[in-house]
Every structure is written in structure tokens, then in C-alpha cells.
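Each of the next two complexes has subunit A plus one more chain, namely subunit B in the first and subunit C in the second.
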Partner chain A sequence: MKRNGSSSRFRQSITTVLYPLFFGILILVLWQTQALHAMLNIDPFVLPLPSRINSIIGESLPKIMTNVWATLIVAVAGLLLGSLFGYLIAIVATVFPKWGAGGLSIVTAFNAIPIVALAPVITNWTKDVSSDANIRSMVAKIIVVLLMCTASMSLNAYRGLTELRPFSQDLLESYAAGKFTIFRKLRLPNSVPYIFTALRVSVPLSVISALVSEYFAEYVIGVGRQIRENIVLGQYPTAWAYITVACLIGIVMYAVLIVCESILLRHRK
Partner chain B sequence: MKALQTIRSSRKLVTLVWILGLIILWECGAFYIEAVKRTPENVLPHLWQIIASVFSTKVISNGQTATQIVLTNAGATLLRAGYGFLIGMAGGFLLAILMKLSGIVEKVAFPYLMLIQMIPILGMAPIVLAITKDIGVSRIVIAAILTFYPVCTNTLAGLKSVEQEKLDLMYLCAANRYQVYWKTLIPTCIPFFFTGLKISAPMAITASILVDTLQGDGGLGCMLSQSLKHAMSIYVFWQIVFLSAFVGVASSWLMGLLERRFSPQKRLAARKGA
Partner chain C sequence: MKHMTTMKRFSCAVLSAAMMLSLAACGSSSTGESSTTSNTASESSSSTDTSSSTATTTLSAEDVIKTAAEEGKVGNWGLGNEYEVQALLAKYGEPTTFLSQAFDMDGFDDDSITLASAMTYNELGLVKNSYDGGYDYGDTVGVIDMNDEGVAMLEDNIFCTQAFAEANPNTVKAFIYASLKGWEYACANPEEAAEIVYNYGSSVSSDHQAYMADEVKKLVETDTNGDAVTDYGKMDEDAMQQTLDLAKQYITLDDSTAASKLESLTLDDIRDTSYWEAATASTDGDFGTLEKTDVSIQLKWLPQAQFMGYYVALEKGYYSDAGLNVNIVAGGGDISETTAVYNGSVDFGVTWVSNLIAADAAGMGLTEVSQIFQRSGLVLVYKLANFS
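Here is the complex of A and B:
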């Protein structure tokens, strides 16, 4: 009976992997054999075959890598600074509950501001940062990503710092623990899983913001900008190569996050 | 005395003070910029200058004033964002129901739902434009894709959050599948569904504006980039920035309003809280 149960579970986990894999391969095959083009009525020039995209990535790898680095630096720096900033806001909101919580609702409102409105404004404001256009637009892009990533971290971290286990704060207070001790021993550890909840939202967001802010930056560099420039020039295969790379950046950053989370939170489960 | 206390401790006042603080900060910056820059209106104009430009009757281009330009283009952009939003909403909800109904659909679709979340769809906007060849259609498509996955994942989480006891009760009442969905599963997932909508409403608007910037065919984004290139008054740019910020916030707020209309539990909770 028991063996039967485990074998059915085995079958379950096999199908969980196999079904999506089969679906993905089906799409790839349809794409490569141009059946997809016939169905959606697209020219193979606009939607190049996977083999062609692959060969282009191989050919112009050094150039792609410089653009990948430019985007990656912006996304990671903005993500880290924004998360740090968001966490600091959450701490301030925890220490001064009345005024801080009101400030948090303002931060939420900021979150709904479209990035297309934000990016050109920031580009305008950072004109004097450096005489080098590359550094100047890099700073502008990082600030945009920073602002986009702040809200999710501050909201989640605030929940993590305030939604404590019942009576745990009372217990510490009965030990005559000061506010700082409560903060360090109770609130800080309690907020760690919430930090990862926030990062799961803001990691994909940071990549998207980095790509979009490149559209509005002065200096022409980065994966997002290359997608656009190549389409303007009509070089669709190259543009697709950059799209593939952009997707890979998103997936890799998310995977890194999941690995970090499973290492850091392994004692919690 | 007591009335004063309630006013002082109310949340609205706190928010108001914060907004006032931001306005003061902006104005300080504007005065500073005015002192050091040659063209301060490009960097940081005074708020009253922006407000004055809204009411000014000066014709800027095509016989329209700045406000007329912004509003007509906003109409085109927001309408497309709205279509895409509705399509994405319906699609996301249906797929979530399908995934709940059939294990195979769930297994096939779930990893791709996770994957689509990590793919920068906005970065793909130019290629969608190239494929659909029509800027209106590509606006709708991108807004729909962006709406689709938050709605779908949140609704699915809602469908899965139904307590086993409720399902057992429905089973005891000899409810058929349709009744189980209509009376138990769907009402439970409605708050989750609205969480998804709240996330995706500003995203749909962002997507629509972004697609505008790709082609000179009207729309807010197009005016935004033209104004930045000084093809028309820079105040058009500032008006669009504030309008899109306002619409983004308002769309999220509107979803919250709709949620309270559609879910009785929330209405009750709001009344209790008040």
C-alpha cells in the first residue's frame, strides 16, 4: 500500500516536469519549422528562427556582454540601494508609528507612478552629476530602479517589523528589555522572511525598470536600449538576440534570489 | 478639546502633512534651480507654473492648447490600456479557473506563469509592435499580458485557499461541480482577484504609455518624448508626468473601491474599522 502511494507520487512529480517540458519543446519545434509563423501570420524576418537567434548570440557575444554588464550593474545596484532605502524607511516607520505609517502610504502612492513618467524626470535632474554622459545616465538609471524597488521593500519590511508573534513583545518587555533590544532580538529576525517576499517582487521589477530607463537615458548602452535601436534599424534578428539575453538576465537573477533564500532561510522550515 | 485630539490623530492629517512636506521640498528645489539654471522649467518648474500652464489658453500646436493636447492623447492611451486590462483580466481569471479544474492544464501552465513573471515584457514592447504592425493593437496586447499574470496567479492562490471544511459542506449538500465553483470557490477568490487587479492596473497604464513612445502616432507617450525634444512646450511634459502619476494612483484606488462594492466581507470590515 505504502509503495503504491510513493510510486503514484513519483508519477505525479514526473508529470509536473514532463508536461511543461513537452509544451515548451512543442512551441520551439513549431517555431523552428515556421508553423508558428503560419498560424500567427508573421514574417520569419520579424520573428527569426531560434537557430538564427542562437547563432547571432554566438557571433556578437563580446558586444552583447558589454551591454549585459551595463544593464546588470544598473539593475543590481538599484535593487540593493532601493531595498536598503526601503528597509530604512520601514525602520523609521516602526520607530515613529504615527507619522511613519502615514509616510508609508505616500510611498505606496509613489509605487503607482508609471516608470515612463519617472525616467525622463530623473534624467533631467541628473544632468550635472558628471561631465561623462555614460556615468551621468548610469546614475539616472540607478536612481530610477532604486525608486521602483523602494516601495515593495518598505511595505513588506514594515509588516515584518511590526507583525510579531503574539505575546513575544510582552515576553521581552517582562524581561525588562529595552526598545533597542526588542528591535535587535525580535523585530529584526522576524523581518527576514518578509525581506525575501519583497525581493521576489522587486528582482523582476528591477530588471524591467533598468531596461525601460535605458530608453530615456542619454548614453546609448544597455540591453533594453539595444532592443529598441536594432528594431529602429530594422535588424530584427539582433533585436531578438538581445530580447533572449534580457529574459536570461531576469531568470538568472530570480534563480540567484531563490538559492540565497533557500540557504539563508533553511533553519526556518 | 476632544474633537481637536481626534483631528490630530487622524490618518488623513498625517497624509496631508506628508503631502505638504513634499510640496515644500519641491518648491525649495524649484527656487534653487531657478537661481542657478538658465532654463529652470526644463529641470524643475514651480508647481504653480505647471498649474498655470493647465489653464493657459495659449495655442501650442495643431490649434490646441497644452491641456487639450494632453487630454485628447490621454483618451487614446487610456482607452487602449483599458481594453488590454479587460482582456488580460478575463484571460487571467479564466486560466486560473481552468488550472483549478484540470490538473494537466495547471501542470503545463504553472511553470510558464512563473517564467513570464521574470521576463521583462516591457522590454519586448518594440518587438510586439514589429509583429502586430499596428500601434493600437500592440498597446492592447502588452497591457493585456502585463495584466494577465498578476491576476492569474492571485486568483489561483485564492481558489486554493478555500478551506476543506467548506468543500466538505458543499459535498454534504450534494452540490454539483458548477454549484461548488459558483457558490464557494469563486466568492472566496474575489479578494485575491482584486489584489491582482490592484497590482496590474498601474502596470497596464505604464505599458500603454511606453508603447506610445515607440512611434509618432499620438498618445501620451508620444507627446512626452516630443515635448522632451522641445518640439512643443516643456509644460506638456510636466502635465503628462503629473497626469500619469495621478492616473496610476487613481487606477489602483479605483480597484480598491470596486473591491469594496463586490466583496461583502470587506464592506463589513470597513464599517467595523470606521
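Here is the complex of A and C:
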């Protein structure tokens, strides 16, 4: 049986890793040979070749890394704080079910505000946080990411905390378990897979929010800001170098999440 | 949340990459560069304390710049608009960093930026004036002029690709001829020009449009030394050279190919005076058969009196007299004017010379055929009360 299990997992990793990898390589080859440009009728100037993008990343790696760190700190801090905040809201909604549902609707409404509208407001709001523009800009950007990441966590965690296996709550209550015990032994463990479902949405969202919020920040730094500056100046190869780096940030963060998930949830499957 | 679980089936790589790509698309469209007028200055509280500042002695430009720079409160919009400010900061030995300024003057109003960038014809008017959208600071603000400081870079021009100019020389000449006629009329009748622009779908109020027309007239008719210019649209060698020199110094490019191209650029790579010379030599605007009669021009920004010459030429029929059917395309959107001209989606464009230089460094092969603004319209504005 054990052998069988590992072979099916092996087959699964083929489909989840090798197929996309193959697809990615295919796209890269089409891109580099300009078949992609011919197919989509794009100018190689506006969509530079991978080799050119790659050489720029190599050339100006130190500057790129400075911007990557700025973006990564904002994305990760916003993701963690937003998820924590979202989970707390879910707990509050579980404990006080009467107005909990209403609270969750408000969170969802917040999530619907476009970053373009939210970011300038937050930048304005955090003007007195620090006399250092770098710090107050970072705070503003983190708050934007936080607000974006809160909703998916609170909605998913709420489901995890409330949609329990049939009769499990009744069973615990029949043992005279208190509310806190039910929460600790039943609700909390039940919500863990839902946390990861939320994070799968939040991780890419946190990177996107961080990049877009950089447009509106006072302090000029970050991968998103560099993408925009370079596109405006007609520096498409450099802009694409930053776009590539932005993709890598998203992929790495997602990969870290998947690894964490497979470790933490390995006994559940 | 069903859709979230189905996501598991996708690979992490493809999913994230797709999301990032969609971000790139949404990113460039989410510029939020609405016109400055949409923000009405709601508070006039600051006008009370500024009235007492009239008695205090004003600081020199150098002192103001140094004070603001050391506090880290110099503002500019960035995105290729920052080079003159950086040159000015460097002139006084200050680091060339600046705060990213939004497209309104709220940061200046609330003192988070004490030395803010402003165009004489746009933001400066909003800061000083009391009409709708203005902040009503009147004479309680001081101004540092890039021309006076010797760091002026030339701004609005007319450009096209070298290839287009070579293939359509008569069209280019006729377009310059009619456009300059429009500018000439607009500068002689700024009030009427402002109204014409306003009727073409202006982005700002008619009061501000009238202010803008008066200020733009000064930029078209005065050079960087403050002398009168009678040849509209000429390309002054010294001012162009200064622009190119400063551009080489302050445009930083990560792409080494583009950076070395920038270093090697000469005036002949970025402008061609022959079309303007032919256009201004003509007395009747007849340049023979036009290679292309339907042409378009993309502005650097939304419709406003900054571009009044083109709207006047259109309204007064100067373009049609020259045999041209001209479509004026508003700027300020997703695709910058340099890229739009390079792509061929428009034939001509209006941009700042520094932006054209950056685009040529990237290999767009653009060439300026006329220089409309003869001096820099960029100033740094500050409240006198903050520097006494």
C-alpha cells in the first residue's frame, strides 16, 4: 500500500511540476525565437527577448536587489499582518455570530476598494508616522497590503472555524466541554487547511498590492515603481527585467507557502 | 470559496506568473493621473498664519534649497520630470533624492513637501490663484526658476520618427508650418485660444485655462535667458545642448546598451532643423504634394492650453489650408507619447526633450522637428512662511 501511495504522489508531482515547467520552457523558446511576437503581432522592442532581459538582470543586480527587498518586506509584512488581522476577525465573528456575519461583509467591502483608490488615501493618512519618508512610505504600503489580504483570510478562516464535521460539536458538548475547549480542540485544528486556502489567494495578491502601492508612495523605491518609471522612459528591456523579478518574487513566495503547507498538513492526507 | 481549491490544480509557477503578468497590465493603467483641478482646496486655514510672514526677510534661493533638501522635503513627480530638480540639488551640493509628488498640490498645502515642483502654467497657478481648484496662496509663496538657476531643460516640442520624417518630408513641413501659425495666433490672442481649447474638451476650468494660456505664451516667446524669441518653434543650439548635457548627467539607465547609447548621443541624433527651416522659409504654406494627408499628434498630457497652438490651428483651419486632416490625441494615458509615435499609432507627438533623449537612448529613433517652448516652465515653489 505504501508503495502505491508514494507512486501516486510521484505521478501527482509530474502533473503539478513537470507539465507547467514544460509549458514555461515552451513559452520561453517561442519568445526567444520571436515566434511569440509573430503570433501576437508585437514588436520585440516593446516585448524584449528573454536573453536581453536576462543580461540586464545580470548587469544591475545590486540595484535590482535593493528594490526587491523593499517590495518583499512590504509584501511579506502586509501578508502576515493582514492574515493575522483577518484571522482575529474570523475568531470574533465565530464568538459573536450575531454581528460576526455583518463584520465579515464589511471586510469584504473593504477588499473591493481598488488599490488605486486606497493607496493615495493611506499615503495621506500616514504622513505623520515618521519624519523619514522611507519609513512612512513603507508603513503606508504595508497597510495597503494588509487591507488587501485581510478579507480572504477572514472569510476562509470563518468557514474553518464554523463548518465543523457533523455531530463533532455535539459530541464534545456531550462530554461537557466548555466553549474554550471546543475552540481549542475542534475549531482551531479544523481551520488550519482553510488558512492555507486563504494564503494561496493572499500570497499573489500581497505581491500585486505591494507593487501597485509603490506607485503612490512618497519614497521612490520598489520593483513596481521601477517598472513604471522604465516604461514611461521607453526602457522596455529594463522594465521587463523588473517584471521578471516581480514574477520571481511571486513564484518564490508561493513555493515557500506550498512547502510549508505540505509539511504542516502532511498528516491530514 | 470553491474556486480557491481548484487553484491547487494549477501549478504554482504558472499561476503566479499569470497573476504577475496581469499586474503589469493593470499597473500601467492604474496611473491615477487625474488632472490637478479635481482637488478643490477645502481648507484655507493656512492663509491666516501666512499673512504675518510678509514682515520677515526672505531667504536666498540657495538657502531655501539647502534647507528643504536637508529636511528631505523637496518634491517632484519623477517619471522623467525630475532631471532639472536633480541638477539644481547637485548645483548646491545636495543629494539628488526627492519625494514623489502626487499630481495635485496637497503635499505642498500640508507641508509634507516644502519645496514642491510646479509648472508655471499649471500647478503654480493653482497654488496662487483663488479660482475653482486653486489653493489661494497669492503672494505668500516664493518661486525658484530653473532658467535663472542655469539648469533649464527644454520641454514641449514636436517630434516624429526619423523614418517618418524621411518618408514624408512635405507632410512634416506642412504640419510644422500650420502648427506654428496656430501658435502664433494663440500667443497673439491667448484669451480666445484658451476658450478654443476649453471647447475641445478641456481637463481644467476655463479660468485656469485662461491663466495657462498667458503663462504658456511666455514660454513660447521667451528664451532661457529671458530674451524675446520671434522665431516660433526654433531649436536654439545652446539651450538644446544644455538639455542634452544635463540629460546625460541625470538620466540613469540600468540597461548598459541604452546607457552607452545615451552617452554617445549628439544634437544631430535628437533633432533635425531642416524641416523647421523649410517650414518657416515658406510664405504660402505650399510644400508640393503631401505624402500623407491624414496625420495625428499625441499630446504629452490632457487637453489644456499647454497645447493651445494645435487646437487653434485645427479650429482656425490652418491645418486644412495646408492640406492636412489632423487628429489631436490627448495624452496622459497608458501609452506614453514616445512609444505611441514609435509604434506608429500616431505620426507626431509633443514631449519634453529629456523624454525624447531617453527614448532615443532606448533606440526608438525619434527626432525633434520643432521646439515650441523656448524656456523651462518648471519652478520650485515654497511658502515664504516656511523659510524665514
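Keep in mind that, in the parts below, the second predicted complex is superposed on the first by the 237 of 269 C-alpha atoms of A that agree within 3 Å, B and C clash if a C-alpha of one lies under 4 Å from a C-alpha of the other, contacts with A are read in each partner's own complex, and residues count from 1 in each chain.
Basically, contacts are C-beta pairs under 8 Å (C-beta built on N, C-alpha and C of every residue); 3 or more make two chains touch, one makes a residue touch a chain.
Source: prediction; values computed, not measured.
Of the two partner chains placed around the shared chain by superposition, subunit C is the only one that A:Leu233 touches, whereas subunit B remains out of contact. In the superposed model, A:Ser105 makes contact with subunit B only, not with subunit C.
Judged by the touch definition given at the top, the superposed model places A:Val121 against subunit B, while subunit C stays out of reach.
By the touch criterion defined above, A:Gly250 reaches both subunit B and subunit C. Which of subunit B and subunit C touches more residues of subunit A is settled by the count: it is C.
Once the two complexes are laid over each other on the shared chain, residue contacts for A:Pro97 go to neither subunit B nor subunit C. In the superposition on chain A, contact of A:Ile208 is made with both subunit B and subunit C.
Once chain A of one complex is fitted onto chain A of the other, the partner contacts of A:Leu47 are limited to subunit B, with no touch recorded for subunit C.
Touch criterion met: A:Tyr19 reaches subunit B and subunit C at once. Of the two partner chains, subunit C is the only one touched by A:Glu218; subunit B is not. In the superposition on chain A, subunit A positions 16, 19-20, 23-24, 46, 114-116, 120, 124, 127, 204, 207-208, 211-212, 215, 224, 227-228, 231-232, 236, 243, 246-247, 250-251, 253-254 are in contact with subunit B in one complex as well as with subunit C in the other. If you check the complex, the residues on subunit C that touch subunit A are 1, 4-5, 7-17, 19-21, 23-24, 26-28, 30-32, 72, 78-80, 97-100, 102, 106-107, 110, 112, 251, 253-258, 336, 338-339, 342-343, 355, 358-359, 362-364.
Subunit B meets subunit A in the complex at residues 9, 11, 14-15, 17-19, 22, 42-44, 104, 107-112, 115, 117-124, 126-127, 129-131, 202, 205-206, 209-210, 213-214, 221, 224, 228, 237, 240-241, 244-245, 248-249, 251-252.
On the side of subunit A, the complex with subunit B involves touching residues 15-16, 19-20, 23-24, 40, 42, 46-47, 98-99, 101-103, 105-106, 109, 111-117, 120-121, 124-125, 127, 204, 207-208, 211-212, 215, 223-224, 227-228, 231-232, 236, 239-240, 243, 246-247, 250-251, 253-254.
Listed in rising order, the residues of subunit A touching subunit C in the complex are 16-17, 19-21, 23-24, 43, 45-46, 56, 59-60, 63-64, 114-116, 120, 123-124, 127, 131-133, 152, 155-156, 159, 197-198, 200-201, 203-204, 207-208, 211-212, 215-220, 224, 227-238, 241, 243, 246-247, 250-251, 253-255, 258.
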